[in-house]
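Got some structures for you, see below.
Each of the next two complexes has chain A plus one other chain: chain B in the first, chain C in the second.
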Partner chain A sequence: MKKAIIAILAFCAFSLVSAAPSAESILSAIDKNMTSQTTKSTTRMVIHAKRSSRTVESVNYSQGSDRFFTEYLAPPRDKGTKMLKAGDNLWIYDPGTDRTIQISGNMLKQSVMGSDLSYEDFMEEDKLSQDYSAGVDGEITYDGRACWILTLMAKKPGLAYAKRKIYVDKSRYVVLYELLYAKSGKLLKSLKFSNVTKTGNRWYPRYILFKDELKDGKGTEYFVDSIQFDIPIPAATFTKARLKK
Partner chain B sequence: MIRFLIKGVFRDRHRYLFPLIIVSCGVLIMIFMLALINGYMDSFIRSNAGFETGHLKVVSRAYSDIIAQKPYDLSLLDIQSALDQWKKRYPQLEWTERIQLGALLDVPDATGETREQGEIIVYGIDLLKSGMERKLLNLDKALARGRIPSQPGEALVSEQALERLKLKIGDPVTLIGSDIYGSLAFHRLVISGTINFGAEALDRGALMADISDIRQMLDMPGGAAEILAFFKDGRYDQKEADRIKADFNQTFSDPRDEYSPVMLAMSDQNNMGYLMGIVHSMLGIFSFVFIVILGIVLWNSGLMNGIRRYGEFGVRLAVGESKKHIFGTLVLEAVAIGVVGSAIGILLGSLGCWYFNIHGMDVSVFTRNSTLFTQDIIYTYIPLHTALAGFIPGVLSTVLGAILAGLAVFKRQTSQLFKELEV
Partner chain C sequence: MILKLALRNIIGNGWRSLINVAVIAIVLIGLIWGEGMWYSWLTLAKNQQREWEYGGGILRAKSYDPFDAFTWENGYAPVPAEAQSYVRGGRIVPILYSPGMIYPQGRMMNALVKGIPENQKVLSFPSTALNAADSSYVPAIIGREMAKTSRLQEGEVFTLRLKDSTGAFNSLDLQVSKVMDCPVPSLDIGTVWIDLAALRKVKLLPDAATVLVLKDASLTAIKAPLFRYIDPREFFADLNQMVKTKVSGQSLPFGMLILLAMLAVFDTQALAIFKRRKEIGMLSALGMTKGQIIRLFTSEGALYMVAASVCAVVLGFPLYWYFAVKGFALPQGYQSFGVAGFNEPLKFHYPLLVILGTLIFLFLLTVFVSWLPARKIARLRPTEALRGK
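Now for the complex of A and B:
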């Protein structure tokens, strides 16, 4: 009798595990949710520095996972600053000096507008499934949502984060919590995603709290005020000539 | 009796001349060496104070914890009214504000694209409002080419950096760094001249611009990373510095607020207290060694004198003068020679010091490859009390020599005197 119960329980457990999709399919579902042909969004970044907080507003355009253009609208000191990512290159335009500077090398590790994000974060490709191999570690209830816990390991060298740990909402395929690690295993950043809303046929988080774990402070709040997917964006948007306009 | 003894000494050339020359020369050398060490230390302090520490320095409490890293993001902000208050409370001090940061110097080509880029240490100093920094940093002398900035937007760059980045006077450059909130910051400047301090640390890659430009770049209006204070007479006074520091920190600093100002004395920074302690110890050791060496020389001179006056002491003992009395008169004679010799030594030494105090001594041949903040010209300096203290080793060494030589008197046997005197 005892053996029969154990066998039934083992069968049930096996059935449950086998019911979970593979890590790769979870990553593909996340990528499908988060990426699109083109995106236009307006965002606010509330940067909680040690001394004070400030809000940086921007309008952002993206095409695929390797073209990205941002124009800062506020505060007045940063208004008119523009950033362009095209392939492996990142440029920033400063209206005060009327200079376009390519961000490379150590400068990529600099903070973006004093936030907890670095320029290196912008250089990351959007599709997790392309850059990381993953494994399902288990399940957890996070922020009231049933989630899978996945550990992602970089497939290629040179990525900003060698390891990621993510909590993925089981029903909406949205990452709700993410820990980013260096190659040494040191925790570098943590991200909390919330206010997940349905935009078109996809779920998208409208609020992200970035925290650079190597810095003091309360982190950077990132609000997506509006977002449109797969809209036509002129190709000229992603050229250097656009920076000075 | 004393008058009789002194007359006796100075009327017998053999008794005073050699010891007097020795003591005078010894004191002269000692006074000059002390003045040179003091002058070097003074130059070292002046250079370090001018370039780095000030006689006193005010920073935020958080900044002072990691002051070696120059964390300008922990600067004091909007401090102009506070600074006015400090100026009123400490009228004996002159104040100047500074910001130092590491940045990239980007040189554009004709199309505005980056042609050259290199790391640079940026000094935001007051170049336009007062001439204080020009004097403190000896900028007029350090200027190698071009001119010192006369308006905002101009900068001086070190000669080495100019050559490394293939710059010319009048070229526009862009400074790239982080503002105090961590955001990437840019600032456009025009190179107005080059500087060469002779100190590798600065000459490798320094850029000096007016503090208003750097404040604008770093988004810190009215702020400064460090506020340096200098005694108006130009000399560092440790006791006064400690008194002002204690008063300032009690009045203006709040230990609960990490951004409240805190004052540091020069001796609290860059191991300067330790270095000054070493120099003071060196001065003490130097005086002690001087006393010992001069004492040995004068002992030898006293012994020769004793041999020459062997007969005289014999007669004096024979007529009933006690050994102690003879010993006492020898010591008294030594005191007289010591005082006169020291006075001559101090006078001559002071004359030498006075000359080099005015004209300075060029030591550039020794400091050419030095990375320390030292000046090429050393101005000898000796405080009056130290010069007068030259009497002590001068007299002590003469007396020590006389005591050591005079001990021989006690070895004379009265019973042998007549036999000795017969000879």
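Now for the complex of A and C:
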């Protein structure tokens, strides 16, 4: 009798584990959800400083994972500032001086508009399934949603973060919480995703809280007010000439 | 005879001569003091940079340009094979640079991290404080200025984040083992020093260096195709240029003082020729040629300069001695200017050749200024001069 119960329990446990998709298929589903040929979005970034907060509004265009164009709309001080990422290059156009500056090397470590995001974070080309090998560590209920916990390890050298830990919504295949680690194992950044809404045939988080875990502060809030996927965007949008227009 | 007469005349001039000599002497004291200050500062700054940074010479990785931040991330090269034995023998000190981000007390700051062997003996740098034997953290040295801007103190722990050579983020927990009094601000401002081995490990660069500091200039002969020798002329070019600019800036007030002194001499001479017409006529009647009379008046002017030079040396001596022995302490804020030589009282040295050159130049200028009004004598008729016309 005892043996029969153990056998039944073992069978049930095996069934439960085998019911969970593989880590690779979870990553592929996330990539499918989060990436697209093109996107156009309007966003607000709320940067919390020690004494005050400020909101930076922008319109953003992207093509694949290596072309990105942003134009800042507000506040008036930053209005007209543009940022272009094309491949490994990043340029900033400052309307005040009418000059385009290439951001590279040490300057990539600087924070973007005083936020918890660095230019390096913009330079990342994320396709988790391609760059990371993963394993399912367990399950958790996070923010009222059933999630898998995955640990991702870089497959190749050169990726900014050697290790990531993510909580993935089981039914929507959206990352709800992400921890980014240095090679030494030190936690560097955390990202909290919420307000996940259906846009077309995909689920997409409309709110992200970025936090540099080595730095004090409340982090930087990122609101996606509108987003469109796979719409035609002129190729000229991702050229340096567009910066001064 | 002319000199003797000229000397008698300027002594006879009394207060007028004394004022002339005093004015020129004050200008000379100022000039000697100024020259002593710039020379001493330049010498001190160069010595400090040699002791702390340059050693007997520097080989710098060709991929690193100190004036181009774009090169800093990848500004290194493997230590050449020929240099390895000298590195082991302690005659070459490899130093690796890496840009990074530090987080003191939860704040974020850019920093340039430099890795230096803790057992090096070529530079005066206190690298022994980087010995990690007693610490679970990686020891770090920062300068007094860096401690001020980062608000870090000895014993405090902070995190360093940097990218390794593949581009992945890595981090180290550092502990300030020493806040050093560094006379060379470029080694202090915005810089964190750790042991070379620790930096190489975290950067995944087991044998790389940004600069190789040589114990003596003979080591410049080693084959290092990925490095470039920085000769003293290039290394100190900025410092020399700055002193040149500063000296040029100061030449205006000194030029004004010299002009005033020369005006005093010119005025005295012009007045003397006007007032001493009868004397000129008399000298002429006694057989002196016009040339001899012009030489007499010019000698009187030149003697002012000689007397002033003697006064400048004798009367200025206590001042020169005071600054040579006690030194000239600059206010503390000067250290943040980013230039060596400001951290300790500047003890003056007086460059003899430069000072002699200045004295000779001023002597010739005084002779010229004295000669200008004396030319009029050539146009005087002895008979009219005798009548005072």
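Following the convention adopted for this analysis, the second predicted complex is superposed on the first by the 245 of 245 C-alpha atoms of A that agree within 3 Å, B and C clash if a C-alpha of one lies under 4 Å from a C-alpha of the other, contacts with A are read in each partner's own complex, and residues count from 1 in each chain.
Simple rule for what comes next: contacts are C-beta pairs under 8 Å (C-beta built on N, C-alpha and C of every residue); 3 or more make two chains touch, one makes a residue touch a chain.
In this text the structure is predicted, and so the values were computed from the model without any measurement.
Participant: Given the superposition on chain A, are chain B and chain C in a clash or a fit?
Facilitator: clash
Participant: Name the contact category of A:Asp88: first (chain B only), second (chain C only), both, or neither.
Facilitator: The answer is neither, since A:Asp88 touches no partner chain.
Participant: With both complexes overlaid on chain A, does A:Ala182 touch chain B (first), chain C (second), both or neither?
Facilitator: The second partner, chain C, only.
Participant: Go through the superposed model and pick first if A:Asp216 touches only chain B, second if only chain C, both, or neither.
Facilitator: In the superposition, A:Asp216 touches chain C alone.
Participant: Touching A:Arg77 in the superposition: chain B (first), chain C (second), both, neither?
Facilitator: first
Participant: Which holds for A:Thr97: it touches chain B only (first), chain C only (second), both, or neither?
Facilitator: A:Thr97: touches chain B, not chain C.
Participant: Which partner does A:Gly158 reach: the first (chain B), the second (chain C), both, or neither?
Facilitator: second
Participant: Would you tell me the residues on chain A in contact with chain B in one complex that are also in contact with chain C in the other?
Facilitator: Comparing the two interfaces on chain A, one with chain B and one with chain C, the shared residues are 102, 107, 110-111.
Participant: Which positions of chain A touch chain C when the two form their complex?
Facilitator: Against chain C, chain A makes touches at 102, 104-107, 109-111, 154, 157-162, 182-184, 186, 188, 212, 214-217.
Participant: Going by the contact rule set out above, which residues of chain B touch chain A in the complex?
Facilitator: The touching residues are 73, 77, 104, 106, 108, 112-114, 174, 176, 178-184, 186-188, 219, 259.
Participant: Would you tell me which residues of chain A are touching chain B in their complex?
Facilitator: 47, 49-52, 54, 77-78, 92, 94, 96-103, 107, 110-115
Participant: Which residues, counting only chain C, touch chain A once they are in their complex?
Facilitator: Those residues of chain C that touch chain A are 69-74, 99-101, 103, 105-108, 110, 159, 161, 163-164, 166-173, 202.
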